[in-house]
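What follows is a pair of complexes built around subunit A, which joins subunit B in one and subunit C in the other.
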Partner chain A sequence: MSKPKFRSVGHNQRKLDGVALVTGKARYVDDIELRGMLYAKILRSPHAHARIVEIDVREARSLPGVCAVLTYQDVPRIQYTTAGQGPPEPSPKDTFVLDDKMRFVGDRVAAVAAKTPQIAEAALKMIKVEYEVLPAVLNMEHAMDPDAPKVHEIPSANGISIPERNIAAQVEVTDGDPGRGFAEADLVVENLYRVGYVHASHTEPHICITYLDETGRLVVRTSTQVPFHVRRIIAPLVGRPIGQIRVIKPRIGGAFGAKQEVLLEPLCALLTLKTGCPVRLQLTREEVFVSSRTRHPQVLRCKVGVNKDGIIAATQLDVLANTGAYGSHALTVQCNTGSKTLPLYRTLQYREGVNNVHFKATAVYTNLPVAGAIRGYGAPQGYFALDTTMDEIAHRLGMDPIEFRLKNLIREGDSPALLEQLGEGREGVKQVLKSCGLRECIRRGRAEIGWDEKRARRDQGPVKRGVGVAVLQQGSGIPGIDMGAVTIKLNEDGSFNLLAGATDLGTGSDTILAQIAAEVLGTDADKFSVLSSDTDLTPFDTGAYASSTTYITGMAAKKAAGKVRKMILDRAARMLSERGEDLVLEDGQVRGRKESVSLGEVCSDALYQHDQEQIMATASHISYDSPPPFSAHFADVTVDTETGRVKVLEYIVAVDCGTAINPQMAEGQTLGGIQMGLGYALSEEYIFDDRGRMLNPRFMDYKIFSAADMPRIKVILVDTFEPTGPFGAKSVSEIPTNGPAPAIANAIFHAVGVRLREVPFTPERVLAALKSRDT
Partner chain B sequence: MKIKLTINGVPRETEITPDEKLLGLLRREGYFGVKFGCGRGECGVCTVLLDGRAVNSCITFAAQAHNRSVTTVEGIGTPDNLHPIQEAILDHGAAQCGYCTPGIICLARDFLDENPDPTEEQVRDALKGNLCRCTGYQKYVEAILDAAGRMRKLSGDSG
Partner chain C sequence: MDVFRYLAPESVEETLQLLDEGAGGVKVLAGGTDLLVQMKERGLRPGLVLDVAGLHELRGIRMEGKYVWIGPLTTHWDLAHSALIREHGLALAQGASKVGSPQIRHRGTIGGNIANASPAADTVPPLVVLEAEVELRSLNGSHWLPVESLMEGPSRTALRPKELITGVRFPHRAPGSRSQYEKFGSRQALSIAVASVAVAAVQEKGRFARVRIALGSVSPTVVRATRVEEILTGEALGEDLIAQATASVAQQCRPIDDVRGSAWYRCQLVEALLARILLCWGEEWMAG
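On to the complex of A and B.
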């Protein structure tokens, strides 16, 4: 089938903000000057679990240059969730802006605003706090014990599942009769997997600047993924109506989910309201690690049963998750661990039409750092367990791991029953798969890495080589929840303004939206000035998360552009005295059969000459589909059996993201996601002392991959056409993160015959696994 | 105390405190292309050139810049007159959030001055102190190799 040729979509358009980024002109949150701006700093708890008995801030307040000191006594006693989601929020409302109870090392005790950062720092040291230190829960596997300390008060905040047992959230769904499936299976493989704390590690630390504008409205300039949620969530916390708050997201230095959290904004705004001055609150790198948000640590029990022909009879995933001291995204991330993974494999072939799937997740509180949203959102954990289990089954059946997967993978037209039960924090929405390039991803990746030759290879010597595969999906937005809106207007020179609530995190979404609109309007993307993420100036958007912007807001851009196109053609028809259907809009011109008019002339006619009006339109989009992108990852690794060191030599990733609106950016998203996934697999982890303090909150000790550590990666974009997406597009940004841990674990098994069931695969863990194999 | 220095070719005199870092001085003077990521010399987003050599401005004392010349990304090329490194980064779509980009451009400028015809491995090694979390570095590496070619061509043409 030949696809329509596009003029803008599918081209490597330079980023519209690119020149600003490479010349230092781009303006991030910190890059403004405000007269009289104060610097805020936060005093943090040295204890994992403690109650403030007494707090004395008199000396700090009297230090010259200190303008405000806030403790729990000075802020409204309102519980909220920092999760940055739409209402009704699925995360428990278990957090105060400041509280008298400390729930992890790094929890907020007090905040200071002063004329210089040095004075603020000095003031923190003058705050005298007497703590009653409480016993702490530092092991998630004991959090539900009857005698475990309770992280949250009882009676407790709304939305906590069972505070008496430290259960923040839980979910359980069953489809068909998994018990019977397992009983009848010829082979059942069941194992336990562990994943710990990791951080998004965006290069720009969390930062927020708040000030009052000339009418006294509160302006919040912040590094956020969700400006409209920030506005709504902080309104009651700062005691201002939504209409009196303006949230602006300028350029931001990466986010990856961690900036969906509404962490800094309420405190910063309260300091501005207290002092009347602009206030800047920026976290140190150590604070980012310790007090912002992390990926949920989990213990996963994965069980899969198959018949002797390699047909899956039943799958089961039981998850215990650690949400840390607060339940941000506790329910929804865990839902995703099941819903983004299990539906990839059909269980209905075994007994025609009946799925046998069971999924259960329990998220518990501990007195450790707080988990939240991060790229992949529960799926990287789930894939590590599920895909590794699939690989093990193939091996036990004596089948090629790819052949085994191919027998069981989802197909176009499938409608996984699990997704009807399991949405994000609530019931799901029926999904019918309309585009699936999975088999093509596998075919091309397999050829590229030379799978068949490499699987047959056997090495001599202490350094062994192996190849592994992982097969993945994700989603595109949250069905029935995510909404994006776009406004487009035409100017006299034929240029357009595009206003979108959507949040470009560096992902390039401003450019993607312009490419989509340009396609509809027969012009080039650089004819668009894009203004995004300003709650005063742009229409609403739920924000940049859940791989939603291209798919959801992109469709809003397409619709808005379609409305503007109609206005242009209607007017041009009058101007040219031709019939609308005879007109062609291309290259910034409306061409009739005899004459043409330029877009600029159409705009001038509209603004100044006949039946004056603004050529402008707004459109919104919501989708009940969340079409999964698909991907196959292939890792070629060496394992040094003497040192335990795993080295990735080559990494191939084939991804079906539907139409890649901008192939270069789709590759860029994929490469960055792999980098994050490689760290998850091989190097990144939080290390704690026995009192819950993180010991390695710095890049020297928390190892993210550098350029020198990265293998050469080959990205293959597999073209499919998703009928519900803009010009056939699906999402691309999260899925790559899911692959490296299972692909590398499977490659290690191929190399040395041991299964690594805990990330990261450090030399110590690899050596320990080799040792237990040999004894 | 007062120091004299040249910033992007413009001579300056400015008042500093003894413990002030070069990062703070430059941002105070309005060079917002200099970014803060860790303040401990561990991420490289604050990289600038001091007498042509890449340094982490967050751990360089402002006083060390006395009587020396500092170049920030703003001094490497402008929107109307982009440096080949900047052009190549745009053409390869290397920058995503761009927060690491000014530091990487400064680093690459110093590196390519010393190694006009580097291998991919040398580029990767040179970049290892400049962390980026968005891109996996690959397009930056390709862009820097490409920029090296462009710069050789330019110097060949002019020489």
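On to the complex of A and C.
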């Protein structure tokens, strides 16, 4: 197929908000100062598990400048889930805005609103709490023990799988006949893998400002990925109908999933309703570490059987996940650990999509920080186990790791049956793979890193080099669930307003949507003024998650633009007295065979001259496909066998995201995902004491990759055309996070012959692995 | 941060006067890279902050008799880039170049790094092996004290509340002498040492005539590895000697487990870092 030539799509359009962002003019949540605004602070539990026996706030309330103090006695006793997902929410409703039981160090005891942050801090110290300290569950592997303390006592009617065993959620699916597959396999490899807590590390902490407008409606200005879910979820908690609530998402300083949560808004709004005043509630970095949301720690047992020709016979993945004190995203993240990984490979007797696959996941409660959505959403954990296992099998078979994978990867036209069973916390939707550039990703990445030469290399001295590969997929939105809507209207100067419920978090989606609409309307993206996510002004969108905005909302933008285009052409045909099919819309002009009119003239005609109307349209989009982007990652590393230090010298990423609407931004997303993945693989780790308190909740001691640590990274965009996506686009934002852990683990094995089965591969952990091999 | 008094004295004399009147609760502000963090995040509440950044006589690097003199307000950046320091005390330039990040190296000072008395301070092991001294001055006069004797514990020094560090010095490089500093941090920048080793030695006729070794982040203060120094003194560098030296260095450590590393790992690291320095020298001695 020869590729169509686009005027806007596929170009490195400068971000529409770029200049405002880099000149400091963009307005984040905190960039407004309202008259009489109060500052809120939260008192947090010092105990991992405790019950409040008595709480005395009288002294705090009487401190001058304190306007409100809320405890569990002052808020409605309604259980909800903080997970920002559509109803019926797949996450258990196990959370109160404030409760009398504390379930982790950092859980919410009380909230204060005062005239200054200093007064609020001082008031927190005056709250007297008597706790009955309870035994705590601090090890996920013992959470299901019969004598383990119970984190939640509420009935399972709230969506908790088995509260008496601390099981928040569980899922189990079988496809084909894995038992037979393993029995017939010539080689079966089975190992345990461990991944820990990870911080999303967004620059802007969670923050929210709430106030009442002149009509008494509640306005929530918040740093969120899910403004419409916020509005719906807080309505019962604050006792207001949805129509009395407006949620505004200004510029966002990063989120990465950790803001797909309704954490601060109910509490902040209740303080506003109590005082009548605007209230600002911002978490400190320490609070973001401990009390917001993290990646789910997991213990994964991965078992793969293979015949001697290198064809996979059966695959089994058994996951134990720690959801922490609350079950936010407990079911769906774990579903994804299987559904985003296992379909990547075919197994023996593959027919009509049926693989010999068994997948089981159990998410347990502990008295530790709460996990939730973070970029990759379960897939990074799954790929660490699955891809490392694939590498090990290739080694045991004496095959090149790439050749082994190539024998088993899925192909266009495949329809993995597992995806029909394993959806987003419910049954899935049948998927047929319509675009797959995976083999091209592997081919180009392999050449770029110099795979064949580097695999043959042998080193002298204490520092060893190695190269490793990982092969990955993700999804594009949640099929049958995610919906995005876009409104576009034309102005007299030929400019457009684009109103989208989609939530630009710094991701660049405002620009992407404008590029897509501009393509349809034959104009430039910077003719669009984009307003994203104000529940009063923009149409609905499920939110910025699941790699959905370009694929889902992008298609809504394309459809809305198509409707506007038709209105423009119909009117222009009348203005030019020509037939519609003879008109061409390009460069802001409608050209007929004889004359042309500008978009501005068309709009003026519509607004002031004939049959007056606003040229404007709204369109929605939902997809029953979730086409996976594909990627191959290659890491070239050194391992210092005396200190255990792993250094990544070079990292190659080839990614098939369909048509890259904006190649530079697609590359930026990929680089950012690699940066997150490198820290996850090598240095980022929550460290706890024996009472469940995090010891390193600060960037000095929690090591994300700094600029000085970054290796040379080369991103290769492999062009494919996804027929169900806008101009052939698929997603790109989450997939890069999946690769560094397995690619680096495999490179370490190539360098020193040791398998690392627990992330992060800190120097100490690597040295210990080397020493235990040597003894 | 609570309210505090801030004064920026214009001379050393005035500073000493204010320190004398301050009666505790006074903190000296130089680069602020430690003090401000302690005030903002660790609850330090000084009544008076004395900003000495304007005391230009306390800056600079120069030869003074048989010493290299360093003003205590000299930044890590300037130390790392000074030809004089690189010539006479390479380990110190290396240590200064490993502090924090470029921004911190431009603000942080050698006097502050010494006074903060962290066992992980990057300039202190080099200063100890270079036999450096600090000048402590008060209204009652001044005296020079070896850096090694100044360190009394984590964040504790022999510096009295009314004293100010007014100079740092170490002897010229003797013929045949050299020094080196190796640090292991958990990443390339903005990283506190998990372990560090500094070595200074004088070589005569292929043998160690004098050798000093200091270890960072493995004890409550930077410590000398005197046992290892004894093993090396008088000997020629060879594989056996290096093995013997590295095998005994861990015995000189009293490390702790913390978020940056376990005691076990710190011992492994000092062995690896010491071996790295000695191997590198050994190869050059053989070659030269």
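In the analysis below, the second predicted complex is superposed on the first by the 764 of 775 C-alpha atoms of A that agree within 3 Å, B and C clash if a C-alpha of one lies under 4 Å from a C-alpha of the other, contacts with A are read in each partner's own complex, and residues count from 1 in each chain.
Convention: a residue touches a chain if its C-beta (ideal position, glycine included) is under 8 Å from a C-beta of that chain, and two chains touch if they have at least 3 such contacts.
Note that the structure is a prediction, hence the values are computed from the model and not measured.
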Is A:687 touching the first partner subunit B, the second partner subunit C, both, or neither of them?
-> second
First (subunit B), second (subunit C), both or neither touched by A:614 = neither
Give one of first, second, both or neither to describe whether A:21 is in contact with subunit B, with subunit C, with both, or with none.
-> first
Using the superposition on chain A described above, determine whether A:764 touches subunit B (first), subunit C (second), both, or neither.
-> second
Just subunit B (first), just subunit C (second), both, or neither: which does A:642 touch?
-> second
Touching A:708 in the superposition: subunit B (first), subunit C (second), both, neither?
-> both
After superposition on the shared chain, which partner residues are touched by A:695: those of subunit B (first), subunit C (second), both, or neither?
-> second
Of subunit B and subunit C, which one touches more residues of subunit A?
-> B
May I ask you to decide whether A:284 touches subunit B, subunit C, both, or neither, giving the answer as first, second, both or neither?
-> first
Residues of subunit A at both interfaces, subunit B in one complex, subunit C in the other = 700, 705-709
Interfacial residue positions of subunit A with respect to subunit B in the complex = 12, 14-15, 17-28, 30-31, 33, 200-205, 251-256, 282, 284-285, 505-508, 662, 664-665, 667-669, 671-676, 698-700, 704-710, 712-713
Residues of subunit A that touch subunit C when the two form their complex | 642-645, 683, 687, 695-696, 700-701, 703, 705-709, 762-764, 767-768
Please name which positions on subunit B make contact with subunit A in the complex.
-> 27, 30-40, 42-43, 45, 72-74, 77-79, 82, 86, 89-102, 105, 123-125, 127-141
For subunit C, which residues count as touching subunit A in their complex?
-> 101, 184, 186-192, 194, 259-262, 265, 268-269, 272-273, 275-276
